[in-house]
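Chain IDs A, B, C and D follow the sequence of writing; residue 1 opens each chain.
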Amino acid sequence: MPIATVLYFAQVRDRLGCEQERLELPATTTVAEILATLGARYPQCAAAFATCRIAVDCRFAAGAVALDDESEIAVIPPVSGG
Amino acid sequence: MPIATVLYFAQVRDRLGCEQERLELPATTTVAEILATLGARYPQCAAAFATCRIAVDCRFAAGAVALDDESEIAVIPPVSGG
Amino acid sequence: MDAAAPLRSWAIIDGPLPPERCAPLALARNDQGAIASFLGVVRDHHHGRGVTHLVYECYRTMAERLLGELVAEAAERFDAQLHTQVAHGTGLLLPGQVSVAIHVGAAHRVAAFAACRHLIERIKEDLPVWKHEHYADGGSAWLKGS
Amino acid sequence: MDAAAPLRSWAIIDGPLPPERCAPLALARNDQGAIASFLGVVRDHHHGRGVTHLVYECYRTMAERLLGELVAEAAERFDAQLHTQVAHGTGLLLPGQVSVAIHVGAAHRVAAFAACRHLIERIKEDLPVWKHEHYADGGSAWLKGS
């Protein structure tokens, strides 16, 4: 399985105490599976993950996701720019 | 009858060759009567007057108008500001 | 919070609007989250004819009064705390120069956009200003709205 | 007429937006009759709590790419000839400072307003930026949209 980079931001990053990690994930997966995997790994953030979107390589992902060792997965909490 | 000041602008002023004049008008009249009076006085502008609004003392008038010697009547062709 | 009275400023200006009339930043206030602005710029063509310049004629006493009324109307309609700055140029303007500038500050963006849009629409309906376009082919014409 | 390619500029800026990013006048073009702008300003209160400052966190590589996509999307949707300049600040901002500036130039005002409004709504939906509010009472909170 590829080892992707996962980025955390804002309240999620604060609660995890982690900005970035390398994580083994299936080469073919889905946004829902990624969030479920992260929720199982960090139960204290499961509720927060449920409100997050996933971006892969700087684009919002929906449904199926193909990953490799170069993939950058970002966990995007509700945004508040503007 | 009072003698009011009448102001002309833009294409109407150009066609009349007159910016401003003093004109005897009824003390109690209407916008339609003012425009009809002007149209009879200047037949070459009757069609243009039909597209104009009337302002009395810097406010658009509608229907009845009370005039005196201090009144300033402005003939307002379709505006094109902005 | 800024308890000062809202800024309400309006003016008829000789010539094109100078840069300071075109800058929204003067409306930034600590209690206002949004500023919406509109600038009207003289175009160098109209229905395919080249435009060399415009001359804006203005019934100035009425235009000044009306701008003030429109500013009050926007506050009444959208938000009594709106900050509003409106100016319209008169006389000779060249392509690329600014004829009208509207800046509206509000607590929230919906009111700021709505009031800004309302003001330019009302100006185009009622402000006693007339645009005399002069063309590259030597002709000229009084415009009828836009 | 100005046959040059439309201006399309976007940027993520360190700190608050400087005055030159807040000025619509740079978009004035001879072939564009209308410029609509929006500035987002940091407010000094939120739900009744005094705000001392904000810290905007940003996923910068994605935010830069997304701003470019939103600018292209606006041109596609409203007018291919739109001139567009968009910037968002990051890091520490004080009340009264500008966090986002959008300027849209178009031939006509309807497209300019629509594109400007569209851009701020899309930024608020999707731009990966997070507002951390710091309060006068010593607390702080991550905001959820606005």
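In the analysis below, contacts are C-beta pairs under 8 Å (C-beta built on N, C-alpha and C of every residue); 3 or more make two chains touch, one makes a residue touch a chain.
Everything numeric in this text was worked out from a predicted model, so none of it was measured.
Colleague: What's the minimum number of touch steps needed to get from chain A to chain C?
Modeller: Tracing touching chains, the least step count from chain A to chain C comes to 2.
Colleague: Round to the nearest whole Å and give the separation of the Cα centres of chain B and chain C.
Modeller: Going by mean C-alpha positions, chain B sits 26 Å from chain C.
Colleague: Based only on mean CA positions, could you tell me how far chain A sits from chain B in angstrom?
Modeller: Taking the mean C-alpha position of each chain, the two centres sit 71 Å apart.
Colleague: Taking the mean of the C-alpha atoms as each chain's centre, how many Å separate chain B from chain D?
Modeller: Chain B and chain D have C-alpha centres separated by 48 Å.
Colleague: If you average the CA atoms of chain C and of chain D, how far apart do the two points sit, in angstrom?
Modeller: A distance of 22 Å separates the two centres.
Colleague: Going through chain A residue by residue, note those that touch at least 2 other chains and give them in order.
Modeller: In chain A, no residue touches at least two other chains, as defined above.
Colleague: Hunt down the residues of chain C that sit against at least two other chains at once, touch-wise.
Modeller: Counting only residues that touch two or more other chains, chain C contributes 40, 120, 146.
Colleague: Touching pairs of chains, all of them, please.
Modeller: A-D, B-C, C-D
Colleague: Quick one: in the complex, what on chain D touches chain C?
Modeller: Going by the criterion above, the answer is residues 1-2, 19, 22-25, 28-45, 95-98, 105, 107, 109, 112-113, 116-117, 120.
Colleague: Chain D touches which residues of chain A in the complex?
Modeller: Residues in contact with chain D: 7, 9-11, 14, 55, 58-60, 74, 76-82.
Colleague: Inside the complex, what are the residues of chain D that reach chain A?
Modeller: For chain D paired with chain A, touching residues are 40, 56-59, 61-62, 65-66, 88, 99-100, 120, 123-132, 142-146.
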